[in-house]
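Every chain is named by a letter (A, B, C, D and E) in the order it is written, and numbering of its residues begins at 1.
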Amino acid sequence: MKKIALSKLNELFAAIAKDTELHLPVNFKGETVFKKWTEGDNYAKDSLKTVKSPKDLFFPQNENISNFRKEGNKFIIDPVELPKSGIVVFGVRGCDEQSFRVLDNVFLAEPVDTFYEARRKNSVIITAACTKPSESCFCKTFGIDPTDPAGDVTTWIVDDNMFFAVKTEKGEAFLAKYADIFTEAEEDDTYRVENVKYLANQIFAKLPLADLTTEGWGGDKTDEKFDDPKWQDLSTACLGCGTCTFVCPTCQCYDIRDYNTGNQIQRSRCWDSCMYKDFTMCAHGTARPTQKERYRQRFMHKLVYYPANNDGMFSCVGCGRCVDKCPVQTNIVKVIKAFGGDKK
Amino acid sequence: MQVNENSKEFKPLIVAFCCNWCSYAGADLAGTSRLSYPADVKIIRVPCSCRVNPMFILKAFEKGADGVIMCGCHPGDCHYTTGNYYARRRMTLLFSMLDYLGVDKERVRVEWVSAAEGQRFAMVMNDFAKKITELGENVKLGDIRCKK
Amino acid sequence: MQEITGLMVKRAKELLEAGEVQRVIGWTTGDFCYDVTPAVFTKAEDLEEGKFVYNSFCGSNLSKYLIQTLRNDINAVNTAKAMAARKGENPDDIPGPGKTLVFLKPCDTYSFNQLLTEHRIDKSLVYVIGVACRGMADIEKIKLMGASGITKVIDAGDKLEVKTIYGDKSFDKKDVLLEKCACCKGKEHKYADEVIDPEPLPEGEGKGPMDRMAGVTMLEEMTAEERYAFWNDQLSRCIKCYACRNACPACTCMKCVFDNPRSGVDSKANVTEFEEKMYHIIRAFHVAGRCTDCGECSRVCPQGIPLHLLNRKFIKDINEFYGDYQAGEAEGQRAPLVNFDAENDVEPSIVNEKGGN
Amino acid sequence: MNNEKALAEEVVSFSGTNPRNCMKCGKCSATCPTFEEMDLHPHEFVSYLASGRIEKLLQSKTIYKCLSCFACVERCPRGVEPSRLIEAVRDSVVGQKGADYLSPDRIPERLDPDLPQQAITAAFRKYKK
Amino acid sequence: MQRIGVFVCWCGSNIAATVDVDRVVEAVKTDPNVVHAENYQYMCSEAGQKLIRDAITEHQLTGIVVCSCSPRMHEQTFRKTAEAAGLNQYMVEIANIREQCSWIHKDKDEGTEKAIILARAAIAKVCLNAPLQPGQSKVVKRALIIGGGIAGIQSAIDIADAGYKVDIVERTPTIGGKMAQLDKTFPTLDCASCIVTPKMVECAQHPNITIYAYSEVEEVKGFVGNFNVKIRKKARYVDETKCTGCAVCTEKCPSRKGRNEFNCGLDTRGAVYIPFAQAIPNVATIDATNCLHFKTGKCGICAKNCSANAIDFEQKDEIFEEQYGAIVVATGYQISDVTKFDEYQYTKHPDVVTSLELERLMNAAGPSKGVLVKPSDGKHPHDIVFIQCVGSRDISGRGKCYCSKICCMYTAKHAMLIREKYPDVNVHVFYIDVRTPGKNFDEFYRRAVEQYNVDYIKGMVGKVYENEKGGLTVQAVDLISNERVMLDTDMVVLAAAIEPSDGVKHIASMLTASIDTNNFLTEAHPKLRPVESPTAGVFLSGVCQGPKDIPETVSQAGAAAVKVVGLLAKDYLVTNPCTAHTDETMCNGCSSCERVCPYGAISYIDKEVMDKGVREVRRIAQVNGALCQGCGACTVACPSGAMDLKGFSNKQIMAEVDAICK
């Protein structure tokens, strides 16, 4: 384990930013967001959840994927260059870290999404352990240990120091590159980190959603859940606003749009939301004519369809952003509970 | 926006929406009277000023217009009796909103030009083109993808 | 609050049991007291289980729910009739949808009237109970003021007692009001079949402590450059989730122009600064003169953009240019943008003449 | 603009009414109870002020003869309100120092035992600053 | 993909001198939709048109753009050309490169550039044009006249003479209107009754005219060529078919409290009455509010005395429906309320009368049998004062802001008649201006002054009051001599302002015809369409449109009749296909469009709609193509964009914007 004084963090950031783009949570215009680090930015170490998840670092909300134009009666395609490979993402919480793996399963499976791959390959994820969760956190339900998150490197803050533990080869190589900025942690430092983990776990046990389980959910539940009348009641309040999908770290649906600039057509993809009326609209109409079907789609995808295709892995990571941001407070927790996913 | 290659001077792009019954006819009269105004002004014919949707105006700015002017019959003279009254309210509110967003308020204008006011049409267009030329290229209200 | 909730439940049960109404639109509880969700109750026993709540977090405007609920009910009846006809039965034997009971706060009744004016709901299918409201709390504000890990919120008169896993906190309710409640238009119901208000305020009292137009005036007094910077800052945060539109009781189009690829302005994500503005200008314009200033747009914005400042600008302009107008004040009003005054309307050039920048 | 015109305009704006609305029907004078006492009549006041002439009005006795009974204001079909114009001219005269029409020591000789208190107060408002 | 042909006109040197037509042709050829482009000296010439026709056939063009003079000039020409070649005439767009390009620019490069852009915009638009078919709607060959005064009578006779059926709906028991109440007419001084009653008889006897007197229009639905009107025939309690007009009942009626409207209330009449001897229809009417039978259930003297058995106390209002192709509004005027002018003592002193009352006092059939007497004591007056502009030209809120136009002339007439008949009577006229434009009008007025010694005094009267002798004193100022005038007189006559009849507001809203702030009906165009209302198929006749004298009213009535005949002469109306239309799946039914439509062309229906797999009944806007004039106000009022305008669709205009801003 390595350590660094918190006061020297900016030195580390400067060193990293010299080589690679570095993204980390900072307070920007009154909210905490993942932002590209520039001189003067300070790591928002106490913040728990950014408003938007860091998924747009690899899967941006809007991305130009191809251009084409007409010249006389000829049709010319101007390909778009792939994005630059590799960034460092610092201060990722355990839930968001898991979300990258959820997205990897989708975008890196055949056929590989080259834009996502280009961004994701060579990127280093440095996670941050949670010590002060909020009432809407329920990552433990999905088997995440927020006090010791995965990632290439994991960090803890104890008093005035930050501790770094390597989790992967990529992480090893990364730390080695900046070895001269770190000092080696001492033995009692390890105990102090363990103590922080212990205390944090005690708080996690007290959370209102600590007892939430995924019992009754999984890849084989389609037939059982699909026609359940509860969906109608659950979806009544839903406005179909799509906020949940936009703040969700794992929602990965996108739409392709063309824009006529006058000289060429820019084809781009942008996030879409299954909560929208026009989601997957086809010539014949839509397969999900009312909000009930759309609502069901989102949660069945997270808790049934995704696990069915990904060895039982759920595509919810329990970050609680949708719980916080839903304007009418209808969310995945209420869905899980409605179907009995509460130990209490 | 078009840049004249030879002179490199700024040539604004101005879209004018003219109602068919008064202002378009006024523009025709300006032509018949050989009253010149800058070629930067391009006229789009609409049946009535009340046909001009605020979206058209924003669309013009999006695609690179530097100024948009809407012309209609004088209030009280509308061919459809009341069309320009509605247009007047719509445009007042739209312009006020653009100003509120900090966009140059001089880039949009409404003028009432009758079919007999060819001279006034030319004068208005000259004046508007001069104003837009002074303001220069529209940067605050255009889509970056449409810039050349 | 407890008293009024009891009265509401009692009345709803009476009406349900008497068959006067077939369903009740109200609010239900969640996990943390503050996560109140609009819900439809069809059985009196559901109301009994304590599922029905009315507390300081019932900010959502239930008027909007009427549109879809009523339509679903009518559709169900029509489908049943069609089925009956196919089976050779008399479709007229199928009972009608019956009435829906809805609880509306004073500000919600403005939206209700506006929806009636625009024929979006059928008055004969609704039974409106106006419920007293003394301002709703904003959970975002409470969280910003340092409450994290909230487990329970207790409504204690002017105070909110917040219990968290990190200790308890107490807030003055007036400090954590929703923006729309801080600028409350008044506690009078503009439409109601009956009103439940155990302790009515004297007439005219209960308006919010803040000036509704203060924010707009402040912006108007800035220079154009400052305003431009302000809105660029704010609107650049927009993620185009359309929550503002979907929550708005004035945005009830069957198909929004921004969802319609044939409208020429549709888009799903902001690629450029212009697209951010385009959406918000057009949306504000489409609801201009119809917006009751219910504040839902700002309340639901996940990015906290002060969208009400756009709508209020139009309200302020309309009041200044065409005389005071409050959308939803009464049913059947003629909105300012579908109206005119041939003699007295200002010319658009007033925008240039107005002082300042 | 010459001084007279400027003063006339100022007085008009002070009066809050617009003499240009006049259509010269003369109803103000026709209705005036003190018409015979006046050297210049209400309709002339309107006409003079509409054309920017005020010198003669400043010299006129009319300003002290007008009772401010508002009959002309009431009856004018064009909303010109001549008595307001007279009042404005009067104000501009009594506003100047030394231009008092009536001095306090001349009051007693004119006092009538039945004269209401209010009339004396009104007279002072009208004839002296 | 469209196949567009572009035709660039030189217009001799008008265009070609400033626009390089060859370059324009080359430039537009690069547009993928353009399959053919050429230029020619005069496109509008027969040879030029042939060029276009041939190209349409040869290249199977789906649309054409003509770059030439203003569309206001030759759009119709080129539409016909396209039609002749089998192309829908609405697949034509004009790029105005003459009036709006070559004629205003001097630099050839600049002109050419602009011409290319204008051409591209037109191409972008025409690509989105859709073939349109003008609609047809049937014309019902029957006209409705609302109001049976001289305006309505004249319009009815003119239309009926042209061979069309006409119905007159008059709310009072007889037609004839105000003119029947007049004594003489200016400037000829011929007897009003002598000229109007033959017209009334002509109406009654005309095979094409049906008179519904004592009836009112209840409801108007439909549109030009096809109005559906509900008419309420009010109960007269007298069977019109039986009543012979013998007037025995009117004499026997014991109730004498009815206000005699025909004599302006100067005397009373029985509860059963015939307004005047020459009334058409000449049948009695029972006024239920004064009738003893309706009050007490007894009496019935009229019924006992009626030899024709025409009295029917059980009669009820009757509502029937009729269809019309055109409607003429001729609702006329009424005397405005002068009670607000308390300075003239109208309500206090019986010898202060309005001019219309004086008219009755001087009429041989009037209450005093034509002998001029003071209403107060029936004695002969020796001095009469006329006050002009009472309530006219008044912006104080008590009167009307406009000039009533007829008062100057009828006052001169009254003054002259009085002076002629009673030379001992002094007549004074207090005036502000004397307005006498019109044939022989000023001569007439001068005659009153010069030959008849009528005393015209400039200056409005300040007040009128009762003097100690019981007579009237008029206080005024002679503005010419600048002196007070105090005049003792026996009678005062007020020239009260006239105003549109009070029912006109209701009628206008039924017809969706607009009215101005004074309740006069608005004409479609103040200069060019003065007898048409903005609502198609509704025409205006008489004072309901603005103050008028009789000759003017009669000529306007004739003009309205001609417009009606022109409309009824058609079997079908061709409707402009460039109208608004709704996309049913997007319409919210919110009524915004309806509110801005100046023609009342939009209505709503509940309709089953299939939208994205959901079948539901919705409130949908429907545009009546016959009424819609294509202004497009609704398209912007519609927030969802469900309402669009054919020929100027959202997409077309945006395509033009795109092309121009390219």
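Please note the rule applied: a residue touches a chain if its C-beta (ideal position, glycine included) is under 8 Å from a C-beta of that chain, and two chains touch if they have at least 3 such contacts.
Small disclaimer: the values here were computed from a predicted structure and weren't measured.
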Q.
Using the touch definition from the top, how many steps at minimum link chain A to chain C?
A. 1
Q.
What are the mutual neighbours of chain D and chain E in this structure?
A. none
(Q) Hopping along touching chains only, can you work out the least number of steps from chain A to chain D? (A) 2
Q | Greatest separation from chain E - chain, by CA centre | A | A
(Q) Taking each chain's centre as the mean of its CA atoms, which one is most distant from chain D? (A) A
Q.
Applying the document's contact definition, name the chain pair with more C-beta pairs in contact, B-C or A-B.
A. B-C
Q) How big is the gap, in whole Å, between where the Cα atoms of chain A centre and where those of chain B centre? A) 47
Q: Averaging only over C-alpha atoms, locate the centres of chain A and chain E and give their separation in whole Å.
A: 70
Q | Approximate Å spacing (C-alpha centroids) for the pair chain C, chain E | A | 46
(Q) So the centre of each chain is just the mean of its C-alpha atoms; given that, what is the distance between chain B and chain E in Å? (A) 36
Q.
Please output the residue numbers of chain D that touch at least 2 other chains, ranges allowed.
A. none
Q: Would you mind listing the residues of chain B that make contact with two or more other chains?
A: 54-55, 59, 63-64, 82, 86, 90, 143, 145-146
Q: Would you pick out the residues of chain C that each touch at least 2 other chains?
A: 255, 257, 263-264, 271, 337-339
(Q) What's the complete list of touching chain pairs for this entry? (A) A-B, A-C, A-E, B-C, B-E, C-E, D-E
**Q.** Parts of chain E lying in touch with chain C, wherever the complex brings them together
**A.** 517, 585-592, 595-596, 604, 611, 614-619, 637, 639-642, 650-651, 654
Q: Give every residue of chain A touching chain C within the complex, in rising order.
A: 29-31, 48, 51-52, 61-62, 64, 132-136, 203, 206-209, 233, 236-237, 239-243, 245-247, 255, 257, 259, 268, 270-273, 276-278, 290-291, 323, 325-331, 333-334, 337
**Q.** Complex contact set, residues of chain B against chain A
**A.** 63-64, 143, 145-146, 148
**Q.** Partner chain A, residues of chain C touching it in the complex
**A.** 30-32, 34-40, 60, 64-65, 68-69, 72, 148-151, 164-166, 233, 237, 239, 241-243, 245-247, 255, 259, 267-271, 296, 299-300, 302-304
Q: Would you mind writing out the residues of chain E in touch with chain A in their complex?
A: 30, 32, 612-614, 658, 661-662
